[in-house]
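Okay, so chain A shows up in both of these, paired with chain B first and chain C after.
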Partner chain A sequence: MTPLLEVEDLHVSFSTDAGRVQAVRGVSFSLRAGEVLAVVGESGSGKSVTARAIMGLLARNGSVDSGAVRLRGRDLLQASERELRRVRGKDVSMVFQDPMTCLDPTMPVGRQVMEPLRHHTRVSRRAARAAAAELLARVGIAPDRMRQYPHQFSGGQRQRIALAIALVNRPDVVLADEPTTALDVSVQAQILDLLAELRRTTGTAMVLVTHDLGVVASVADHVAVMYAGRIVELGTTREVFYHPQHPYTWGLLGSLPTAQTGRLETVPGSPPDLLDPPPGDAFAPRNAYALPRDLEEAPPFFDVSPTHRAATWLLAPGAPAVEPPADVRARWDRWEEQR
Partner chain B sequence: MTLARYTLRRLASMLVTLWIIVTLTFFLLRFLPGSPWANPMDLSPEQVAILNEHAGLGRPLIEQYGLYLRGLLTGDLGVSFQFRDQPVTALLAGRIGPSLQLGLQAIVVGALAGTVLGVVAAVRSNTWLDSGSTVTAVLGRSVPSFVAAALLQYVLAVRLGWFPIAGWSFFAHTVLPTIALALAPMADAARFVRTEMVEVLASDYADLARAGGLGPWQVAWKHGLRNSVIPMLTLLGPMAVALLTGSLVVENIFGVPGIGEQLVRSILVNDYPTVMAVTILYSALLLVVVFVVDVLYSVVDPRVRLGGGRR
Partner chain C sequence: MTLLEIAHLRQTYGRGRSQVVAVDDLSLTIAEGETFGLVGESGSGKTTTGRAVVGLHAPVSGSVRYRGRDLAGALRGRAGAAVRREVQMVFQDPYASLDPRMRVRDIVAEGLVIARDRRDLVGRVARTLDAVGLDASFAERYPHELSGGQRQRVGIARALVVDPRFVVLDEPISALDVSVQAQVVNLLADLKRERGLTYLFIAHDLAMVRHVSDRIGVMHRGRLVEVGPAAQVYGDPLHPYTRSLLSAVPLPDPDAERGRTRITYDGSQADGSLVEVSSGRFVRQDRPDI
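For the complex of A and B:
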């Protein structure tokens, strides 16, 4: 089965006064119809930039330097702006981070939901209105509020409306850029439930960009962990959570609060300067488990399973066996038990 | 607060403002040196006394003030001192039409042209279109209206003969003065709209619109325009005032029988009733413009819509 969306060796950089910032340095992943891929990483790891590059909506100073983004086999990076406009909002749509600013304050929300529909298909205003009403009802917004303006809704409600906007053309893929980050924790859970439900009922594939591993567990099928513009580990959600291989993933998992957590663990240090990225594994300088080779040579992906790979020399044949932190060891034990 | 109550409150405060203006103008004028009869005419003291008596200037100032206010309430603005027994209202009524027409035309033309320039500059920011629009705006702002008026008159009327040089009979007469007056508001609007539009186009909701498949012009039209024109409404007030006062020179150049010229002549000869009337007229116009702008605000920007209305 050919993947629905395939990103291959994507490189994105931004020109700044200080030089070119290499925000994304060779990202590859693929997504099949109906799947949810979570892209996880700290701020500045290039996850949002990846999503925007797929849409062709980079900021003006950003450019895709190389790579391919194939939607059903067609390379969007080669498409003209005109062709891209036919794809945006129709085949691929996007949900942004901040629901407080992503809706037009001067337009009734119903019309904002109708807009992509009427833009892409010849439908009467009435039919569009009906479709918008139905969709809004599905995301939990009473259709009689269609004439109201964004400021009359709460943050969670606005994110529901944004979801409705993203889904109105029944896209193949929704790129959700931190859709819960700006929301209260209780509302986050509602939105996540809604995402899971919409995914079940609409069969839309989703790329869920987040820095919150907790968000990932409940929704995603696969997880890509990004660091400094690269994917360092990619696997099914179970694999990444219970059989993590890259020390950066260990750090991320270790910093998740759990019921047993006393003092919250953090990953020491700060991400590298992407103006001048280090030669080896970018995480190596912060990595207690780094091998000398990690500092010098960028590790390739080593397959852990057909669905699971990680970029660390620890997985190379003949690498010294390393004992992971205790919490990761506990995860591995769970993994072994359940096999 | 409902719109009706809001309107009533605004009207009340407008009336109070107007009253304060009337009072200040009334007393300031009287404290100015000179009298209506002092200037060209060589009158005997007896004649002056008769004239004063006739015009009511002999009574105590406070009594004159009371009389003036009473007249004002009944729409009687007095009789002009310059023209024999001509009521001020009639005098101004004949002159307000051209001024008002010119002012409105200039505001509409200036605001529209400026908006177009500003939008183009923002959507194509940092291209030659942007620079061209900026240069146009700077020229429009920095060339005084009387220079522009003279230039327009020379090129379009004298050399090309497309429009009449001066006068006030046909619509064609209004074209050149309108353009001359519209340049400054156009420049202001262009600069304003560009700034606002650049900001709006960088907003999240503009990104969302682009993510929905809209092209740059569609984003500007559907989402940008409304959001960037809102702040420009504030500009309409000052624009209107600038036009009212600035039209004086342009009216003179093009021989427009407007109100501006009348005002200056009346001040020179201490024609109290006329000066008062023009002042009241200008103030009332300004107050109305500001009020209309506020109401427009609530129409364009739903967030300003006063609570309690439709929910």
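For the complex of A and C:
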């Protein structure tokens, strides 16, 4: 079965006064219908830029330097702006952290939900209004509020309206960039339930950019861990949480608070300067487990299982066996027990 | 020993029909050396409570007492400047709370300059930056040259330079990356131990509040619904709102997530008062939920 969305060796850079920032340095993944891929990593790791590049929505100073983004086999990076306008909001749509990014403060919300439908399909105004009302009801917004403006809604309601706009054309893929980060936990729970239900009923696939590992555990099928513009580990959600292989993933999981009070594990140092990325594994200078080779030569992906791979020389044949931190060892033990 | 005592605090915004009661009849005490975690969702009144505690808003009714004295009176009195220095606040958004036109050294020094305490100013600023993990080169930088975690360290240094006893931390880590959150939480724990500080830690991130707090208070619609030792409130939540809040937090554990059920709570009619159900454990007795 061919994948629905395929990103291959994507490179994105931004020109700045100081030089070219290499924000995404060779990202590849694929997504099948109905799947949720979570992309995690810290600020500046390139996770949001990846999502925007797929949509063709990079800032003016950004450019895709090489790579391919194929939707049902068709390369979106080769498409003209005119062709892209037919894809955006129809086949692929995007939800942002701040719903006001996509809501027009001067337009009633009902019309904003109808607009992409009217733009992409030959549907009557009356039918579009009915479809918008039905979708708003599904996301928990009473249809009698269709004539109200965004400022008359709470943050959580606005995000649900943004979701309705993103979903009105039943897209193949939704790119969601921190869609629940600004929301309270109970509202977040409603949105996550809604996403899970929509995916079940419509088969929409999703790329979910987030830094919240709780959200990842609750909705994702697969997880891509990004660091300094590259994916360092990619696997099923269970593989990444219970059988993590890259030391950066170890650090990320280790910094989560637990019931025990005491010191949290932290990753010393800070991410590299992407104006001049280091030659090897970009995480190596902060990595107590790095091998000399990690500092010099970028590690390729080594397969852990057919669905799980990680880019670290620790996985190379003949690499010295390394004892991971105690909390990771406990995860591995749990993984072994359940096999 | 009780350091801070809030009794029947009420705070409102606006007047007439558009009046909003942000905090209603809130009472709690914080002992010296303790970390008290105050959790709740947007609009629950937790930030308003924090602002009342540092004297940014005078209470509409009720009182905030610091070391046994009425805080508003103490701030106005002859020792006002000293009390002002003892009670400090660290704000949520390190991007919005630092003046972009000021260098880090001036931001950190400002509290001392205002207090006309210029003795060894440069040295104290440098030592405070060092205490929060920023080397001397940061003193000359501007906020836009710093990462989010570094800015929050500056925000913490600004509060600490005047040697406070009590610090209100209003969502100090929620704008930061997970890995940076852990660094800042560890820093706050170190500073507390070294300087014998007392914290009021306000947050909506329940996992982190549990990690840092000795006791926790849960707020809903301007009122406390449950107060108790952190482990008990998390391990055995008694009020239905606390249960619903805990059940809404996704856990970073895929297997646990699969088996989780969410509890919803509509407490719009609930109106009970806090009752001590066991030593140090208070729960609001709402009809007909409990």
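What we mean here is this: the second predicted complex is superposed on the first by the 332 of 339 C-alpha atoms of A that agree within 3 Å, B and C clash if a C-alpha of one lies under 4 Å from a C-alpha of the other, contacts with A are read in each partner's own complex, and residues count from 1 in each chain.
Here, a contact is a pair of C-beta atoms (placed from the backbone, for glycine too) under 8 Å apart; a residue touches a chain by one contact, two chains touch by 3 or more.
Computed from a prediction, not measured in an experiment: that's the story for all the values here.
Q: Have a look at chain B and chain C on chain A after the superposition and call it: clash or fit.
A: After superposition on chain A, chain B vs chain C: fit, no clash.
Q: Looking at the overlay, does A:A137 come into contact with chain B only (first), chain C only (second), both, or neither?
A: Neither partner.
Q: For A:A330 in the superposed arrangement: first (chain B), second (chain C), both or neither?
A: So A:A330 meets neither chain B nor chain C here.
Q: Looking at A:L57, would you say it contacts chain B, chain C, both, or neither? Reply first, second, both or neither.
A: A:L57 sits against chain B, while chain C stays out of touch.
Q: Is A:L275 in contact with chain B, with chain C, with both, or with neither (first, second, both, neither)?
A: neither
Q: Can A:G155 be said to touch chain B (first), chain C (second), both, or neither?
A: second
Q: So in the superposed three-chain picture, is A:A189 touching just chain B, just chain C, both, or none of them (first/second/both/neither)?
A: A:A189 contacts chain C only, not chain B.
Q: In the superposed model, which partner reaches more residues of chain A, chain B or chain C?
A: C
Q: Answer with first, second, both or neither: which of chain B and chain C does A:L256 touch in the superposed model?
A: second
Q: Look across chain B and chain C in the superposition and give the shortest C-alpha distance you find, in Å.
A: Minimum over all C-alpha pairs: 10 Å.
Q: Give me the intersection of chain A's contacts with chain B and its contacts with chain C, in residue numbers.
A: Touching chain B in the first complex and chain C in the second, no residue of chain A appears in both lists.
Q: Quick one: in the complex, what on chain A touches chain C?
A: Going by the criterion above, the answer is residues 42-43, 155, 184-189, 192-193, 211-218, 237-238, 241-242, 251-253, 255-259, 261, 263-267, 270.
Q: Which stretch or stretches of chain A touch chain B in the complex?
A: Listed in rising order, the residues are 55, 57, 81, 85-90, 93-94, 96, 98, 101-107, 115-116, 119-120, 149, 151, 162, 165-166.
Q: Residues of chain C touching chain A in their complex?
A: 41-42, 147-148, 177-183, 185-186, 189, 204, 206-208, 210-212, 231, 234, 244-245, 248-257, 260, 262, 264
Q: Once bound in the complex, which stretches of chain B touch chain A?
A: Contacts found on chain B: 203-205, 207-215, 218, 222-223, 226-227, 230, 300-303.
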